[in-house]
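Note that chain A is present in both complexes that follow, paired respectively with chain B and with chain C.
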Partner chain A sequence: MLANRKLILAHFWLAFAVFGVALTLGAWQMFIRSPIGTWLSNPELYYRSLTAHGTVMGYVFPTLVAMAFGYAISESALEQRLVGVRWAWTGFWLIVIGSIMAVIPIALGRASVLYTFYPPLIGNVFYYLGVVLVVVGSWIWVALMSINLHVWRKAHPGAAVPLAMYANVAGSYLWAWTALGAALELLLQIIPVAAGLKATIDAGLARVFFSWTLHAIVYFWLMPTYIAYYTIVPRAIGGRVYSDSMARISFILFLVVAMPIGMHHTFGDPQVGAGFKFIHSAFTALVALPTLLTVFTICASVEIAARLRGGRGLFGWMRALPWDNPMMLALAFSFIMLGFGGAGGLINMSYQLDASIHNTQWITGHFHLIFGGAIVIMYFAIAYDLWPHLTGRELIDLRMIRTQLWLWFVGMMVTTFPWHWVGILGMPRRMAYFDFGDPAIAPQALSVTLSAIGGFILLTSGILFLVILARGMRTPQADAGPYRFALAVHQQATVPLALNTHALWVALMIALTLTNYGYPILTLALTEGTSVPAVFVGAQ
Partner chain B sequence: MSARDLFTFHNRHFRSGVGITAAILIVTAIAGFIVLPFAQPWVQFANVWDAICSAAGVPQRAANVAAPEQTRRLSEVVLTSHTLSRPSQEAIGRGATLAQRCAICHGPTGISRADSPNLAGQYAAVIYKELHDFRSGARTNAVMSPFAVNLTDQEIADLSNYYAYLPRLPAYHPTPQLPKPNIVIYGAPMRGIAPCGSCHGALDNKTGSPWLEGQSEAYMKAQLQAFASGERRNDISQQMRNIARAMTPQEIEQAAAYYASQPPDVVKAVD
Partner chain C sequence: MTAEESHHSAEVAARVERRWATIAVIIIVMMALLAAFAGIHRATMPQPRVETTDPSRLHLSGEFVESNLGSVLEANGNVTVRAIGQQYSFTPACIVVPVDTPITLRATSADVVHGILVQGTNINTMLVPGYVSEQLMRFTRTGDYLMPCQEFCSFGHEGMWGKVRVIDKTEFADRAKGGGRLSCVGQ
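After this line comes the complex of A and B, so read on.
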């Protein structure tokens, strides 16, 4: 039962429209700094583009996808009309206004500060206000998810919350709490300076606040993907979830340990004590656990589907899988990219190994593989799966969908493998120009060219994706029936209290944030003389 | 189902959730704050508390380690993009009077005939900083330093405002405009050199960086060489030394020749 289709479609369309624009910018960036591009002699244009690309891909696009998917889950998993539709539209319009507000100063070259803000660099105040509006809009969604679950609980006392909604609300709480770090940085530190009320800024403290957001935001991006792994894929390929409890535990673990680890982004920062860096590093190792649980559970669920279809043998069952089903294809691609990306992540995670790839192209290669690859390909899958239910029309051309997924996968491989490689060779990231005539980097020219070609493959795939969705709005009407989520092998009527509620885990998340961030933030905030003069973009 | 059934040690999920979390936190804290600090043989701690404070990043002065001796003075000027941004007419007038004694080298219109820098229309913050550095000894020059040592803060501000106010005239001996060399357009990312224009105008202006168009070629070359050798060190955080050191002698010549050949009216009107 999807009553508010317009609301959900609006979120998806806005998400994918801005995604299309940012994707084009990404392909251009890759091209313009590669040996096949002719350099335009103005790095400032590159950084404008990079700020827009990062801001859209990091903040606007995934947030809108999570919101759209969240509303869809709330209505279909709870089988209950969305409560607070007006508020939901308010949140949507805040994001529209915020995005426009942010993009104008970027386009004018007044906010080329990159999406990580880079204080003491300070851009136009409207850029930051725009980002704040986007976050506020998404907080409305967080509140609505919580309220809708609460209303449902009242009507179904003691019943097991459907897994999709349980995970969705966990993701929304994680987002609410992790976005707070960047919000504090913007409201307390950056915006007062950008508005001209102050001339100095504590860049070290700002970086710590940002690290509060920067890691767990990754898991917020990842939530829709993991929800799709557990609750869409098994149903779509005719199987069942291997274990409902295991799924809940994975989401709980993300909630608890995604937060107190962000300082692995400040390994090189002198203002943070080594003891805290160690604790954050150790907790970072723990965050691999829910992903390993997920990979195990999903592989088992897929095997169940294969055996139900008559697959046999130790590995022979794989042949029985419905490989022409786009969902199967997307899952397989996503897992391959998750595997490679995860292996790379182990390197980033450790203090010593990280030193050799810190701030190199390896990092950008890594997160494009995981985020742009493993995560975003499941966003595509979610859209394909939901589209018929949202439009009341069928997506007819499965071949085109498979082509699109293949192109994304191949494009991501061609783009990110050489990207990692040049990073290992020491090529720095966030550079607008490389002189490939210089013997020091001439050997990297081939790798960077390959990445640029991969970028255009990705762009092609992205355009195809938009075409498929647009055509899906025009096909003949067809009733897709109610939207359903996968069932577990052992579908339980009741779930232990702790696995059916979030309170305990939210409390642990907040407690660990206080233990792991409290002291560093307090000392930095209370120590005198730690501020430096702000550097204004474009000012003399 | 209520919070009371959950937040109690009778609930096994509460027990294990809180227990495991606390255990991990305690173990990592002991490792990070006690074991690992002492595992560094090159660091000495007075006691366990000392080690914990160090690992926590408590701001502290190292007790008996003398600060490295500074053989030369460093620049102590603090600039913001608002420094001297709104001069009064009187300040400019006072500056004009004071500037008479500068004219012998820097020219009566602020355009030098003697390979000294042209000051006409230079950013106020730049002149302000250099005069302060000459006065404090962070920058030295046999001819210039004696002029600067006796200036007051007020005089420095007035002089800066006056020269910033003068029109940007073409150099005394204009040369044909040269094309941009690579080092100016691109810098050299692999050597950590940003394009010159990302601080010195053209692309962006960073506070305290002068515009360079039409300056004397010999002067700019000498300054780049002085930065490269470390003879001049009043650039804050070694901003210019890091760049000059990474430049080849050829690139230094190309950059100096290029900027010397540019008319100053191409400087972006940003102020």
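After this line comes the complex of A and C, so read on.
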């Protein structure tokens, strides 16, 4: 039973509203740097837009979705009213204030440093403070998830924590710890310079700090999607979870090995030695394991649903799946995009292959396919699934929902496949325009045009999504009943202690971070003469 | 379903699951081993060592003073190229090198973070102020290659494009006889 619907709806609406704005900016960027747009007379406008797009899509939007979903899970899976509602609202308002504080300097062109910061480039101090407030707001959510689980445990000693909540709390711990890297970069390095207290900054060290956050943040974005795979999809399509234990092991693996791998973002960097580059590469390979396990378990769970519906044969059961069910459609699209995106990811993380695509458009294509595609399409599905329980009204137009999901899938394919291709041709990232008149660049014009068209398909789908949700606020009232999660085929009353608690795994996560980051950070911090003068943007 | 059947099906499920987990682990171990093998044989390798330099004194003394930038033919027949990136150009803006020759690129940044990417090759490295980037390379085809900056370096980033010109070995040796540092700027 969802008691705090207003709280959850506020988070979702803010998330999807800023998503709509950032999506529009993204589509404009695709257009303006393509051959069908005209060259910008002021390239700086492009970087403003890019900074806003990245900051919203990277920090604000997924964080709010994870928070909204987390509150909903806490109330429905634990069947317990949320403890600390006032704190939850405080967190929400911190994010609102932080976002406004960050977006003003961006809009004024005083913080065009992109969401990845890039010191020694330094923007207006309020931009960074705004980002800090957003993160602090989300940390309140982390604490609340932990407290709510604790309260439940006291009331249910020894009982198995529901899978959805177990995974949700794992995701919140992962976020708390992974955000620390960027927080250290901001508080120790960037903000003192932006506030005028210092004039130099160690750019190499800053990149290592940021890599601490940059990779595991992706797994934080991914958590709601994986929780939906395991605990919503099987229920929505009339099946069961193949294995509850394997699900828990996958979430634990994400918690432990998503962290100590971020330096695969610095393969091309001169401030990190070969040893740690290789170690992080090997650990990144390891993080493929929970995804491989998940793909197996979810496919098996889906097969169970199909066979219960009378499906037969080695592959014939696929025809028996409820393809008109939006959840089924979203899952299929998400898996296809996860497959392509994951294969691309294996190339990025490999110690050697990275050199051929590092910082090219391939990378942008890759994370749009994984995050914007595989992950965000499940955010849509989560919203559709939860909406009737939040509004007390039905989402009637299933055809419109299916159209929206199809458009998002097709749009993402049309956008990201050519994007990967021009990356292989060596097209660099983050450029306001390209000289397509240069014979060496001209062959990339067609691909970039296709990507821009894909961008508009995505924008159409995004608008449709907002329309569906808004219309869902006005349909006749209907009681959706209690919100339920999928059950396992062999539902166990108790689970082993290690699969029911987080302490051991959090300790392991911290220990692995220290072994994989401690030495590089210490040596960089102790190396003399690597602090370089800050370069202020927007000051001229 | 009887309790016995249920027990049996749970066993089957666990067995299938274990088999898949084993396959997944083997795939991952194989990938790591392949990467280690290629790294040990130096088939291809990211930069292994860390070297520092002071960007505010680059122009005054040391390896990256202006007169030392460009390509030089070493006594052993290899070529060393020294370059710097700054907002919003490379120096030299056109790098000239011989074909089929081991080349060492040594580069750094004079201000913010930049990157060097040579299109159509896997030459790709970051330039971080305060640190020296070193990359081994070898071209097998003569011709011109575009060399864009691949990292956002502020508002002029989109205009930061350099060039690599790969020429015949003997032609390069002829030009190197005159001494000094070679480039193809203005040619």
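Keep this in mind: the second predicted complex is superposed on the first by the 539 of 540 C-alpha atoms of A that agree within 3 Å, B and C clash if a C-alpha of one lies under 4 Å from a C-alpha of the other, contacts with A are read in each partner's own complex, and residues count from 1 in each chain.
Here, contacts are C-beta pairs under 8 Å (C-beta built on N, C-alpha and C of every residue); 3 or more make two chains touch, one makes a residue touch a chain.
The structure displayed is predicted, hence computed values, not measured ones.
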Report task. Kindly say whether there is room for both chain B and chain C on chain A in the superposition, answering fit or clash. Result -> clash
Query raised in the report: Touch check for A:Val272: first (chain B), second (chain C), both, or neither?
Result: both
Requested in this report: Have a look at where A:Ser356 lands relative to chain B and chain C in the superposition and call it first, second, both or neither.
Outcome: second
Query raised in the report: Of the two partner chains, chain B (first) and chain C (second), which one does A:Gly310 touch, if any: first, second, both, or neither?
Result: neither
Query raised in the report: Looking at the overlay, does A:Tyr519 come into contact with chain B only (first), chain C only (second), both, or neither?
Result: first
Query raised in the report: Is A:Pro476 touching the first partner chain B, the second partner chain C, both, or neither of them?
Result: neither
Query raised in the report: Just chain B (first), just chain C (second), both, or neither: which does A:Leu497 touch?
Result: first
Requested in this report: Name the contact category of A:Pro439: first (chain B only), second (chain C only), both, or neither.
Outcome: neither
Query raised in the report: After superposition on the shared chain, which partner residues are touched by A:Tyr242: those of chain B (first), chain C (second), both, or neither?
Result: second
Query raised in the report: Where does A:Pro533 make contact in the superposed view: on chain B (first), on chain C (second), on both, or on neither?
Result: both
Query raised in the report: Can you list the residues of chain A that meet both chain B and chain C?
Result: 43-44, 271-274, 277-278, 282, 286, 427-428, 431-434, 438, 440-441, 527, 533, 535, 537
Query raised in the report: Of all residues in chain B, which touch chain A in the complex?
Result: 1, 3, 5-7, 11, 13-14, 17-18, 21, 24-25, 28-29, 31-33, 36-37, 52, 54-59, 78-82, 123, 125, 180, 182, 185-190, 194-195, 198, 203-207, 270-271
Report task. Going by the contact rule at the top, pick out the chain A residues touching chain B in the complex. Result -> 39, 41-44, 157-158, 199-200, 256, 271-279, 282-283, 286, 427-428, 431-435, 438, 440-441, 496-501, 503-505, 507-508, 511-512, 515, 519-520, 523, 527, 533-540
Report task. Name, in rising order, each residue of chain C that touches chain A in their complex. Result -> 6, 9-10, 13-14, 16-17, 20-21, 24-25, 27-28, 31-32, 35-36, 38-39, 43-52, 54-56, 87, 108, 111-113, 115, 117-134, 144, 146, 148-158
**Report entry** In the complex with chain C, residue positions of chain A that touch it
**Finding:** 43-44, 46-47, 112, 114, 116, 118, 120-121, 202-204, 207, 242-243, 246, 266-274, 277-278, 281-282, 285-286, 288-289, 292-293, 296-297, 300, 346, 350-352, 354-356, 358-360, 425-434, 438, 440-441, 489-490, 527, 529-533, 535, 537
